[in-house]
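To start, the structure itself, in structure tokens.
We just call them A, B, C, D and E in the order they show up, numbering each chain from 1.
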Amino acid sequence: MKGKHIGWIVLLLLGLIAPFVVYPVLVMKILCFALFACAFNLLLGYTGLLSFGHAAFLGSAGYLCAYTVQGLGMPPELGLLAGTAGAAVLGFIFGSLAIRRAGIYFAMITLALAQLVYFLALQFPFTGGEDGMQGIPRGHLLGFLDLSDTMNMYFFVLAVFLFGFWVIDRAIDSPFGQVLKAIRENEPRAISLGYDVDRYKLLAFVLSAALAGLAGATKTLVFQLASLTDVHWHMSGEVVLMTLLGGVGTVFGPIVGATVLVSLQNYGAELGQWVTVLTGAIFVVCVLAFRRGIVGEVALLLKRSGIRP
Amino acid sequence: ATNVSDAIVKLGVLTDMSGTYSDLSGPGAVEATKMAVEDFIAKEKPDFKIEVISADHQNKADISANKAREWIDTAKVDAIVDLVTTSTALAVMKVANEKNRVSLVNGAGSTPITNEQCNDTTVHWAYDTYALPVGTARAVVKQGGKSWYFITADYAFGHSLEKNTSDVVTKSGGKVLGSVRHPFPGSDFSSFLLSAQASGAQVIGLANAGADTINSIKQAKEFGITPKQSLAGLLMFISDVHSLGLDATQGMYLTTGFYWDRNDETRAWSKRYFERMKRMPTMVQAGDYSAVYHYLKAIKAAGTDEAKAVMAKMREMPVNDFFAKNGKVRVDGRMVHDMYLAQVKKPSESKYPWDYYHIREVIPGDEAYIPLSESKCPLVKK
Amino acid sequence: MANASAFRPDSEMLRVNDLHAFYGESHILHGIDFQVNRGELVTLLGRNGAGRTTTLKAILGLVGRRSGSIMINGRQVIDLPTHRIAHLGIGYCPEERGIYASLSTEENLLLPPAVNSAGMSLDEIYGMFPNLEERRNSPGSRLSGGEQQMLAMARILRTGARLLLLDEITEGLAPVIVQALGRVIAQLKEKGLTIILVEQNFRFAAPLADRHYIIEHGRIVEMVRKDELDSKMPLLQKLLGV
Amino acid sequence: MSTDYILQTRDLTKEFKGFVAVDKVNLQVQRGTIHALIGPNGAGKTTVFNLLTKFLTPTRGTIHFNGVDITPEKSAQIARRGVVRSFQISAVFPHLSVLENVRVALQRKLGTSFHFWRSASSLDVLNGRAMELLESVDLQSFADTVTVELPYGRKRALEIATTLALEPELMLLDEPTQGMGHEDVGRVSDLIKRVAANRTVLMVEHNLGVVSHLCDTITVLQRGAVLAEGPYEVVSADPRVLEAYMGTAHG
Amino acid sequence: MDIFGIPIQALMGQLLIGLINGSFYAILSLGLAIIFGLLNIINFAHGALYMMGAFGAWIGLTWLGLNYWVALVAVPVVVGAVGMLIERTMLKHLYKLDHLYGLLLTFGLALIIEGLFRYRFGISGESYPVPELLSGGFNLGFMFLPKYRAWVVAVSLVVCFGSWFVIERTKLGSYLRAGTENAQLLQAFGINVPLMITLTYGFGVALAAFAGVLAAPVFQVNPVMGSNLIIVVFAVVVIGGMGSIMGSIVTGLGLGLVEGLTRVFYPEASAVVIFVIMGIVLLLRPAGLFGRER
């Protein structure tokens, strides 16, 4: 427990210092993806469900938020709300269909549904096809805080992230989280104790989808655009990678994973065509050498050297 | 001395370095930009320094918007060059405009760039998805290809290619028999080709791009559709012809903004480019050179790198180089220049490497691009 | 069929010296020493978790890491890969039965390659376990717990292995079947097979075995010969709670 | 008044692709007794358990619990009614602590199991009851141990404690002593005896020692059908049972 | 005669084309299914290895002067050997872990392989000519069937059913299936499981490369030809039932047909139809059409 408190403090400090050291828009992007990965980890790491369609939540929330803000002229907070709620509803639909299946089959159903969402995003008139929705206004938060100012936007994103992360952290360590853990450990036994496991999984799924949506909606405000990239299955794959890279089932792992991957994409962009090769090499090395993910390995190292994390 | 910020003009080439479009722009675009800078320094001896940086936007709008912002905010980039794929171009144009920086768009082709979504710090150089199909369609109908059928990528650019072409075909007295929309990216086009074949159209218009176009052409030959029916590539680059070979592409019509072997001037520049890249330039890469050179000249003339002032100079000065003769940058940002209708040579006609085209016709710039009178750009006062 | 010339009661079939075994980081066997003669039936007794299963697995190289010496027929095998060890004529019936769910009963039965020609025929086996004949075409996963146990046992009788490592074979079996198995084991011993039996069911093991080794915390703590059973009963009681 | 039956099945049947695993079983379990289900391997005992708890759906027949027809209900529902089972292969939550294992069973009654916004420390109120349960199976000293590290017999004991936490009216135990050393067998069978004091137990068991020691009524299944029923002395004297199940040499 | 406004002749043509594409799906998904079946690894590098097959043919022809027929044999062997090397040096360490790790590793490998080819050959790729013996085609009346395509169908059917026979109907097959479930025990029975696994992976990879060589004359040989295909092939494997050999073959062919039909009636949806089918199938039959439910 103590380790976690230290983690929170470090996180907070980093969040406050980062925009003065690193380019703030990049940090915002990292925060959005970190939230996305944490939401995903709630499902994979703590419920044992591998969704291969999480991009659908990220992306569709982005479009919804963009439409609310741009098309309907609503303020940004409503945009976020619309995105999150939309993703939650979508999550409920996905979840209801997929929950009854396990393992790789679960992953594949979510992939199939996400492909449908992609298809719709491409075909719907308001999404702008492959050009996406551009020039989304950031607007004024609650009517007064001008979000077009980078620092205002930054601290707003940080707040959103911390809120989302807190929800996840709390959910993991809640009565609900206990049941999830039990289900992951031994599902038939959980059933025989009288738990309707499907309903617990569904709630976890909806929660994860909603938070992924929150991340997507926020991202739309940050970049002022919503595009197909965020609904493409590559994105679903990327979030798996972020989580694995950081450490599945560790609280802070996905944040680290997202940071590494996003930075890699960003700074790697200047390496030109070698980015993909480099990214590939990192995965290979990670799997072969640091299987528990970065945070997982560090935790193990600390444990071995006798420091209780 | 000129009033250039930090006495440095910084150019950021933002392009697809490794993805689908990396052959038609990509590393070649970076190289062309560098050539333009070197040539400019050698010839004009400016009193400011010029730097070029580049990045791979991986065809993702968020990455390119982020990179553009970062470049402008932290690296003090003055202009962003190339911008292949429309979504990334639109995203960057917006960011650059907001921060009063110039976008020199070359790779992306969609008409909204200078139309609905135009802004006063964007220039669109080499081609667009109006000029290419329109030139081709008009010529092909004139040559007797009256009935058309489209194989269209089910994407906004595919749709707009199809629509623009259809309009011209009907206007020129031809007929459109139908179209089929394929998912993007596809790999097998034989089904769509069969539909096209069944339509009995004389001309099959390929309203797609890159690997899709290449595979369509390849498979059309395999299924014996060509040469009975002829193909018209609506968005084709010399890099596509090169990778397909003349055997598969011979006889096709296409429109281009630049062909390396057109005259001595183009040949001279292209040979220099070839020495560096081991490939001949596409119109995008040549356009990057031309646009960058013109931009730098405008800075020198304006005595500042402030975007609005530079834009004013760019509009004022005609473009005269190996790429364009008397080209001019319109108020909506479109650089109007002549386009060329090319027909792909038969293998037997090709005498040396990269000897691919007969230039059949010069399409005057005023006819090639959407006239200002039809423009939906808010900057155009009517 | 017993091969008279191969049957030399005191010649050594298996000798294990200072065997250590590890699962990942946990050190399970701390220097096991024992030996089994040709044609002998020896049991490994001990409490749950003492390391009996691990000993069998270590002989076959199925543990994470091991060290020490294992001689089979006078040949050092500690460095051989598992499949080579098996070809020296070892039949292994694992504790968790290891029935292949995707294979039918009969395919399971025919799976292990014969190591020599002395194995039982399919008919003999079905005669011994009629349940299996009845379920011969159903997938392994559909068998009841006990049926799986029979199949696991039957499977190695077919191969003609001369040294059997049997782990808790009476587990979950109906008393009639346990008795039948007792008869089978006696027959096998008759034929001159060497058997190492890991058992909880002391009552089953006692009349069959020539010697008993008692394992505690990964070490052999006691060896009891058949003729000492009565005198050493109190000790056994203390060690095993029998 | 007729006898008070807590569980009754009528013509309970399960077919697997033409193979009849459970054949018209009429089982009557009397309240407050320990009832054993024995029979040769493959007789259908586990399948009966699976049917009773709806891990399998009966092909035909009905199940009545406390007079209510529970045939159409789902597993978790049946568990909430008070029919709780153990598994033939040990069923614990391996990476939870021993205490948490029991608490998971207790927490459902708090009604906060969907509350993802509440801290897990809100469950601490259950610790007292959980410790009591652990004491009843002699596991109090292991409360903070991670369950994987427990020896096998202790895991079975924990499983029983977890089951007890639900205060089941009817406990279904599938081979509770399988794979145990002698000491553990003794301990677990004593435990069953103790916890059965005010509830009903239906168990499958091959260890006849345990059966004869614990059980009031014994039902013998063979090939899916009931072969014999009655107290141990009666059943064990039945020549058909001897032939099909117990064998001759048994004493 | 028309069906929903489509002349039946055209429909026949489209179905035939569907079958041709189906053969590619079948042969690729067969390789994937074999690898998943035995190694429990979701081989994301399959697409990249397929691409290597196609490039192998091109390199053979252009640099070494080896013709198509030589390539058809030599390239799968070479790429298969590369696969075995990958298995020996990397995958070997992952068998005891969750599928996810295999997926991640092979995904990384795919990125590396693709990146390297992209660096060397550029994105537009190269054209491979149809072998002389098979150029031209048959006029079937309702359509022109290129000889080469007919050959593709024939040879893939032979290869697919040949592999199926070996795996399902021979002793080797029962070893393979047993190895999937509990390799340790199989080894304790005296079977050299590591070798078997290496060879199997090599075989699965060789199938991918074989498909690549077959594809070279049909599709533009470019570095991303595999990654565009792989996700569809995954869907095929899943619909057929992960690890089911017959399932992957039949589903591959079947989905080719379905896709062909969609291209006639609702072409825009032809890329998504496979996923729709996958969703429906999994909801109704969780283990896939031919998969065994656990």
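Rule of thumb we're sticking to: a contact is a pair of C-beta atoms (placed from the backbone, for glycine too) under 8 Å apart; a residue touches a chain by one contact, two chains touch by 3 or more.
Bear in mind the structure is a predicted one, so any value in this text is a computation, not a measurement.
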{"item": "Labels of chains that are neighbours to chain A and to chain D", "value": "none"}
{"item": "Common touching chains of chain D and chain B", "value": "A"}
{"item": "Identity of the chain that, by mean CA position, is farthest from chain C", "value": "B"}
{"item": "Between the pairs C-D and B-E, the one where more C-beta pairs touch", "value": "B-E"}
{"item": "Centroid distance [mean C-alpha coordinates] between chain E and chain C, Å", "value": "44"}
{"item": "Distance from the mean Cα position of chain C to that of chain B, given in whole angstrom", "value": "76"}
{"item": "Whole-Å gap separating chain A and chain C, where each centre is the average of the chain's CA atoms", "value": "52"}
{"item": "Whole-Å separation of chain centres (CA-atom averages), chain A against chain B", "value": "37"}
{"item": "Overlap residues in chain B, where contacts from two or more other chains coincide", "value": "18, 22, 26, 154"}
{"item": "Numbers and ranges of chain E residues touching at least 2 other chains", "value": "115, 118, 268-269, 271-272"}
{"item": "All touching chain pairs, where touch follows the definition stated at the start", "value": "A-B, A-D, A-E, B-E, C-D, C-E"}
{"item": "Touching residues (chain side chain A, partner chain D) in the complex", "value": "167, 170-171, 173-179, 181-182, 185-186, 188-197, 199-200, 203, 207"}
{"item": "In the complex, chain A residues that touch chain E", "value": "50, 97, 100-101, 104-105, 108-109, 111-113, 115-116, 118-119, 123, 233, 237, 240-241, 244, 248, 273-274, 276-277, 279-284, 286-288, 291"}
{"item": "Chain B residues touching chain E - in the complex, by the definition given at the top", "value": "18-23, 26, 154, 180-183, 185-188, 190-192, 194-195, 198, 210-211, 214-215, 218-219, 222-224, 239-240, 242-245, 247-248"}
{"item": "For the chain E and chain C complex, residues of the former touching the latter", "value": "171, 174-175, 177-178, 180-182, 184-194, 292, 294"}
{"item": "Chain D-touching residues of chain C, taken from the complex the two chains share", "value": "47-49, 131, 135, 138, 142-147, 149-150, 168, 171-179, 200, 202, 240-242"}
